[in-house]
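Below you'll find the structure I mean.
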Amino acid sequence: MLRLDPGEGRIRTARSFEVWEGGGEYNVARGLRKTFGRRTTVVTALPRTELGALAEDLILAGGVDISNILWREADPIGRDARMGLNFTERGFGVRGALGVSDRARSAAAQLAPGEVDWDRLFDEVGVRWLHTGGIFAALSEETAATTLEAVRAAKRHGVVVSYDLNYRHSLWAAHPDPDAGRRVNREIAGLVDVLIGDEYAYASCLGLDAGPARTHPADPAPFDALVKRLTGELPNISIFAATMRDPLSASRNRWGAVAWSDGERAEVEAREIDILDRVGGGDGFAAGLIEGLIAGWDIHAAVRLGWAHGALAMTTPGDNAMTTAAEVRALADGGSAAAIR
Amino acid sequence: MLRLDPGEGRIRTARSFEVWEGGGEYNVARGLRKTFGRRTTVVTALPRTELGALAEDLILAGGVDISNILWREADPIGRDARMGLNFTERGFGVRGALGVSDRARSAAAQLAPGEVDWDRLFDEVGVRWLHTGGIFAALSEETAATTLEAVRAAKRHGVVVSYDLNYRHSLWAAHPDPDAGRRVNREIAGLVDVLIGDEYAYASCLGLDAGPARTHPADPAPFDALVKRLTGELPNISIFAATMRDPLSASRNRWGAVAWSDGERAEVEAREIDILDRVGGGDGFAAGLIEGLIAGWDIHAAVRLGWAHGALAMTTPGDNAMTTAAEVRALADGGSAAAIR
Amino acid sequence: MLRLDPGEGRIRTARSFEVWEGGGEYNVARGLRKTFGRRTTVVTALPRTELGALAEDLILAGGVDISNILWREADPIGRDARMGLNFTERGFGVRGALGVSDRARSAAAQLAPGEVDWDRLFDEVGVRWLHTGGIFAALSEETAATTLEAVRAAKRHGVVVSYDLNYRHSLWAAHPDPDAGRRVNREIAGLVDVLIGDEYAYASCLGLDAGPARTHPADPAPFDALVKRLTGELPNISIFAATMRDPLSASRNRWGAVAWSDGERAEVEAREIDILDRVGGGDGFAAGLIEGLIAGWDIHAAVRLGWAHGALAMTTPGDNAMTTAAEVRALADGGSAAAIR
Amino acid sequence: MLRLDPGEGRIRTARSFEVWEGGGEYNVARGLRKTFGRRTTVVTALPRTELGALAEDLILAGGVDISNILWREADPIGRDARMGLNFTERGFGVRGALGVSDRARSAAAQLAPGEVDWDRLFDEVGVRWLHTGGIFAALSEETAATTLEAVRAAKRHGVVVSYDLNYRHSLWAAHPDPDAGRRVNREIAGLVDVLIGDEYAYASCLGLDAGPARTHPADPAPFDALVKRLTGELPNISIFAATMRDPLSASRNRWGAVAWSDGERAEVEAREIDILDRVGGGDGFAAGLIEGLIAGWDIHAAVRLGWAHGALAMTTPGDNAMTTAAEVRALADGGSAAAIR
Amino acid sequence: MLRLDPGEGRIRTARSFEVWEGGGEYNVARGLRKTFGRRTTVVTALPRTELGALAEDLILAGGVDISNILWREADPIGRDARMGLNFTERGFGVRGALGVSDRARSAAAQLAPGEVDWDRLFDEVGVRWLHTGGIFAALSEETAATTLEAVRAAKRHGVVVSYDLNYRHSLWAAHPDPDAGRRVNREIAGLVDVLIGDEYAYASCLGLDAGPARTHPADPAPFDALVKRLTGELPNISIFAATMRDPLSASRNRWGAVAWSDGERAEVEAREIDILDRVGGGDGFAAGLIEGLIAGWDIHAAVRLGWAHGALAMTTPGDNAMTTAAEVRALADGGSAAAIR
Amino acid sequence: MLRLDPGEGRIRTARSFEVWEGGGEYNVARGLRKTFGRRTTVVTALPRTELGALAEDLILAGGVDISNILWREADPIGRDARMGLNFTERGFGVRGALGVSDRARSAAAQLAPGEVDWDRLFDEVGVRWLHTGGIFAALSEETAATTLEAVRAAKRHGVVVSYDLNYRHSLWAAHPDPDAGRRVNREIAGLVDVLIGDEYAYASCLGLDAGPARTHPADPAPFDALVKRLTGELPNISIFAATMRDPLSASRNRWGAVAWSDGERAEVEAREIDILDRVGGGDGFAAGLIEGLIAGWDIHAAVRLGWAHGALAMTTPGDNAMTTAAEVRALADGGSAAAIR
């Protein structure tokens, strides 16, 4: 997806946009590659247009392998296989970030079961981890089915699967099937190893009651309560993780994270941080958490890495972090923002 | 429509885009208003999103009345009523201008018959001139029908109608009905007063043979030949007009124009001009020509005004001219580019 | 007026400026139109130059009607009817915003009594509300007289009048007539319905003693005290309103607002907000307050709307808000800056 | 003076301006200093505002001595001592450069006789050359008188004086005294050593008949004819010089130069050159010519240097050249534009 | 190497630079990958600093494999292993492109024999073509030796080698060994299959007499004469190729190309083209020529492809082409710059 | 030195850089000149390249005299006399500022004893104050010796000398002589009048024990303790001064300052301030402190001036302040950031 960003201004009065690449799953793959040096690939579809070429150019700069992108022929006015677009602001102070998602009928939103040879990826190519998320699953009937196909193939090959619910009420509410959100997410949740999302996302996606409200916007207690309840219901899940965000203003958030790993709880308590561009904070968290888990770190260290990576991702424009593993580790370990020289 | 323009660079390697508003009919309305001071309105549909608001902001700056815009509710991912987008480069030297049109399923592309009260516009409001074109007609079955509805209503009220064929082969070729281009354009051409397009457009749209090829890229002879033939076939048409463009390079064109008015021929012979952004040259011509006709000038003066307005439109970025009636008239009258001081 | 803005830098070392349109009364008209959808017009004079055309272009984008602008012929060096200019910085942290106002002998500053047909505006056109302010009145003898003429005409037609004192000591101090500030403002204040300005402005403009100093920079008590005293003296005034600003730094202010409506007091307590560009906060407040009053809201809701609109106006560059009625209402109702998605 | 430049766009639709310093006399002083390494100073007045500070910042970067600038106190709205401004476009192709000069009542335009101690400059400080011009002289009665005062003082001290007529009809036409142009310029011309301006400027300024029209826009014959006639009338003048410009388009000019030195004629025949920003070409010529004369070169070499410096000044944005003496000499000697490496 | 580009301005007055990646060999590898879709790698050394990371980011976007980059530890002030930098202007009209090369002691300039396992590359990895050039060879004693080592290894494995002399007199003149240029280049020339460079480069690098001068700047006759003579002397070379450039101005060149393949001569006659940024034209030619040869095209088609790719590379900023194989082929086949739509 | 600044982004993903001039000693000279109006000169060496010309252009704009710059001939690849470069980020929130210093073998880094005629400067020219610092001294053996030479010459002529230790561990650690830092700094410290640096710098440079750690990052107690101890050991020093910085985040620091003057202690307690670009805060402090001392203010006022100047320097991009003496004094005296109007 291409993110068009009006910088310090607003979409409604913009005269120019910066362009970045983005998308929940991609952002995680990019973070693992560009920040942490893991080899990653992205499975998606792009139109064979100048915009598809631009997306490729940006993905290449992100270091993510492009050999699993499916290229679609495009017609002259974007009837069939568009490039997914996302016009999103940064927000400032009391003015929250706003955006327009324009990704219906994108090439990616039409990815259907049977088009990707998952067995080849998980077997021959040797992919060890599959990360996917709830926005992609919500785009169309096809993407829901494709997500399930991928997850099932991964489990068949013993590949670890992480799933970020990334719950957007409006998205599932607009789905042709009113029950689609619950149905699709329940099925996926019953298969994956790592489930990311807060108690509200869990409740909405799985058709549960979220329990008592938070006492403050970054209160992890309701999340903890729901995780305890889900532990028995979804024994396949070994890690439940969530970020806790209290938007004091668009420019300053309290930012924390919690995870449970086989009954053990790890937390980075919410701390006030400056935000340049909030987009990608959650994906940055997921990438850092997964890096920690792949590296065999304990859940406390992994959550700290995720928290720090997400925090750094929000100090630069665009959806993705522009940072190094060393910087992330230093922040995860409590380092200050003093200049290094 | 929003035009996203990568400036001196290319879409495929862009990191930012300037944004302008555009669209064939709109550009003509804007030129008549902003350059020549005529009151104009635009009949279209926009989505009620931040992008629709941006289009409104740009149209307002263009001085064009917005009270006839239909606002459509938008869903969260652009399934139903998108903002039409158009990513187009400027080209440079041996590198031609390239673009990606992304306007399928835009709110405008879904404008259907019965949604606009044309009688009110042509009667109560007192609109005196209707300008429409072939790109809008080609977008969907609905837009073809809506174009016809508008043209018929205009004729019912004695309103002058100009139609710019703006023929794009790829566009009609992608139409569900293979014969749509010929069928729709023939019907419209049988109704209008002013028909704009070169002999190739005439032939393609009306299902005719274009006659002998041009001897050089700006050769008006085949156009003249076809006009003579059409004069009898389409007696409703009082003005046939075309621009003649010889793209010596993307940065320099030979640019001319020809028109026939009730058998009288007027021409501005093609002359070498510098091009900053070619988009909108033809619309600029149409606006200048219509201005001349509305002002009651003879066809020679009207064509010169159209030629000059189109030439000036291509000296600035964006689809539209940033000029004044005085500048256009001075150029039409053969003025030099010497600084005025 | 054109605002030239050096962005994050300073005027004294600038190599480029962004340009916006501004001016106290205009900003209010624009906010009512662009944020709240009211039809508004601006009564001013502009030079017939490229700079006047630029101002028109910006005003058009603001949606404000331009048909009551008087166009002045300009000479080759700006002797007679200049475009008013305003070079103003944003400030940052401990560095306050600085500026250079260059509007003497602007076309607007020479607007004289008799040049505008106020009766036509208030009668035929049906204008229901007149907003004017103290900076315009201070520009010259003519503008003071013109302001009075407009206010008197408005009262004659039963049109509501709001007046923002916008007191700048230096401005009136530079006036040829040392007593002009007090004399002009007193006369205007004796006619209007809504008076905007804090106790210091009231005292200075009306020649009163401001009473005890504030105990902290956003302390409304002295304002309240002075309003109580003025209520009897100026029975024509039904609303007294002021913003309370504590500039903790140029980038962060405590921002509040107070108003009295026929003895009833409404307040938004000062709250810390981030500031991108402070210019236009007060005008944004005035526009929101007036919107609330026009919409028939009670004074509490109107003040909240004004406060929120002013706060949002300061989150974007330029003098004016780039926001929507929905965003303003959400903030007025206590909404957070969380991203909406 | 500050030059505000809308870059590739137009003033009337600008959203930002680049800022440069400029002014006929200053440009010559800057070229002599920054290109050719001569020590130069500028005698002018600036307001003590942030804009005056910006002008100083730019002049400092130009290397020109600032110790002879008179600083004026400024009032809050620019009533008395403004900063002179100049909004000027670059033009492109068939679109000529347009501008708005806004320098009336600038601090410089009010420079009056008696304010500058010319004797000190020409005696103690040891200034050897005075360059002044017709735009400054035309600004007001005071500047005309000040110019004369400076020229007379220079002659008293045996200092060489060059005067660039820089004739702008509109400027003198707007002068309070209709005969001012002829009267002032005649008096100055009777004193100076080097007179710059084409036959049209000579004729207009000196109240003569320009003789037969040019046969083509860069035809030097009428200039030659008038020089021959003036040689006897103005025996004080040892050098007559003019540039010959044929604006094929705003982006391409034929550019030549002619000079007469004590009866000897030197010419660079007009040659087609690319223009990025035409402003400052004439001043660049003057600086190069003066450099050649100061360096003791013959008139042929001096004219070539002037021609080359003017040509290079028009290849960069802003009023001034960004070049080196080596580049100018290479071009003057017929070098190509091949990359040097 | 990082290219820092002051855009339309000059280095000496720049306030900002765009940054691109570049370097003769790299540019060829990038063109083959990004334009033509060949898999390519770059063998070089970069410092482990933020600048090295920036170079990697740009190379990744170019699609070129980074696994053969050697990473060097860097000290705090750039004593040992710097990032090579190149500040180069674009030139405009009569103003030629100028630059500052700052690449001494860069990590790349210290690449020494024995550091790269060429046998692995040519054997295991299966590299089929080695392209190298004379600028790298000239940087230091080490790079000369490393170039020879690479070329010898390539020949040992039957890998095709192309060598672009890229002769810069100043570079070899500054070499510690005055005879280095001739000695090193002769040895390399005796080994390679494809030799790129004009007759002046051939003569200078091989210690020959260049023969009679060109009759015009793009005259291929002296090149042809020298090739005929070299054919016997250097039987290892199967292709001699050169571009012919006549810099009418920095913005417009006549651009042609000639090659000899086993006695057969192919030429694209020099044609006037517009230049945005001349840097990389020669590298673009080399990439297109090599693509043609790899694809098995005849020398006529290969030279046309090289000519067209080089021409397109100069229509965009930066050292590299931003184009597609389809565009290059269309231009090579004589297509016009008309917009495609 | 040229500072290349990626703005809000990062070096590793930059596509453009703003360029500023900088360098510890220069920044102090520039602050004294541009903020406070003192005449200052800079003694350094620059290469005769376009980059050297750019540095000169920036220094000229800073108002600092350039007549004591030594110009070095440069070779074609930067072997001998490079321009010192410094790529440094601004940092944001939890992300600290990072940079790459690329100044080895710069012309300045090779400045050797005997090249500058210090006696002329301190005697004939009449320089009254010499400011130098520890980064320059650390660049090479030559710069250490040159620093000592300058300091000794200054003392010989009774010129006041201030020395900012500017301790960078990595810099001295990379020095060929492991003991160089201690040896050189001790010798300098034994000669100077004003020593700037915190207790950690003092301890490291002078080979002492820093004493107990700070209790919080801006705790001045250990500094005070060390100063008391040094007072006896270094009787030549009359002023010890340090800034106290607590980097709460890269965007917000607590910023304070302490100085001792002949046993009297002055402090500005650390206060939270917003940071746009931290670079140059310490140099700004030094300039303000020196200005206070030159002006004969007491140590309390001088420290406040230094603190305020440093604070303002960090509110604008680039290494240097863009402020006025009036603004600095207002802030030093406790003024607020309210807009002045």
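As written, the chain order gives the labels A, B, C, D, E and F, with residue 1 at the start of each chain.
The rule is simple: contacts are C-beta pairs under 8 Å (C-beta built on N, C-alpha and C of every residue); 3 or more make two chains touch, one makes a residue touch a chain.
Just so we're clear, the structure is a prediction, and the values are computed from it rather than from any experiment.
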| item | value |
| --- | --- |
| Fewest hops from subunit B to subunit F - one hop per pair of touching chains | 2 |
| Partner chains shared by subunit D and subunit E (touch criterion as defined above) | B, F |
| Relative to subunit D, chain with the most remote C-alpha centre | A |
| Which of B-E and B-C has more C-beta pairs touching across its chains | B-E |
| Residue-number overlap at the subunit C/subunit D interface, same or different (half cut) | same |
| Farthest-lying chain, centroid of Cα atoms versus that of subunit F | B |
| Centroid distance [mean C-alpha coordinates] between subunit F and subunit C, Å | 45 |
| Residue numbers of subunit E (touch at least two other chains) | 10, 12-13, 15, 53, 57, 61, 76, 98-99, 168, 170, 324, 341 |
| Touch-based graph of the chains, sorted into line, ring, star, complete or other | other |
| Chains that touch, pairwise | A-B, A-C, A-E, A-F, B-C, B-D, B-E, C-D, C-F, D-E, D-F, E-F |
| Residue numbers on subunit C that touch subunit F, as the complex places them | 8-10, 12-13, 91-99, 168, 170, 217, 247-252, 278 |
| Subunit F-facing residues of subunit E, complex | 4, 10-19, 49-51, 53-54, 57, 74-80, 82-83, 85, 87, 89, 98-105, 109, 139, 168, 170-171, 173-174 |
| Contacting residues of subunit B [partner subunit C, same complex] | 53, 57-58, 60-63, 76, 324, 341 |
| Subunit C - residues contacting subunit A, complex | 61, 273-276, 308, 311-312, 314-317, 322-324, 327, 331, 336-341 |
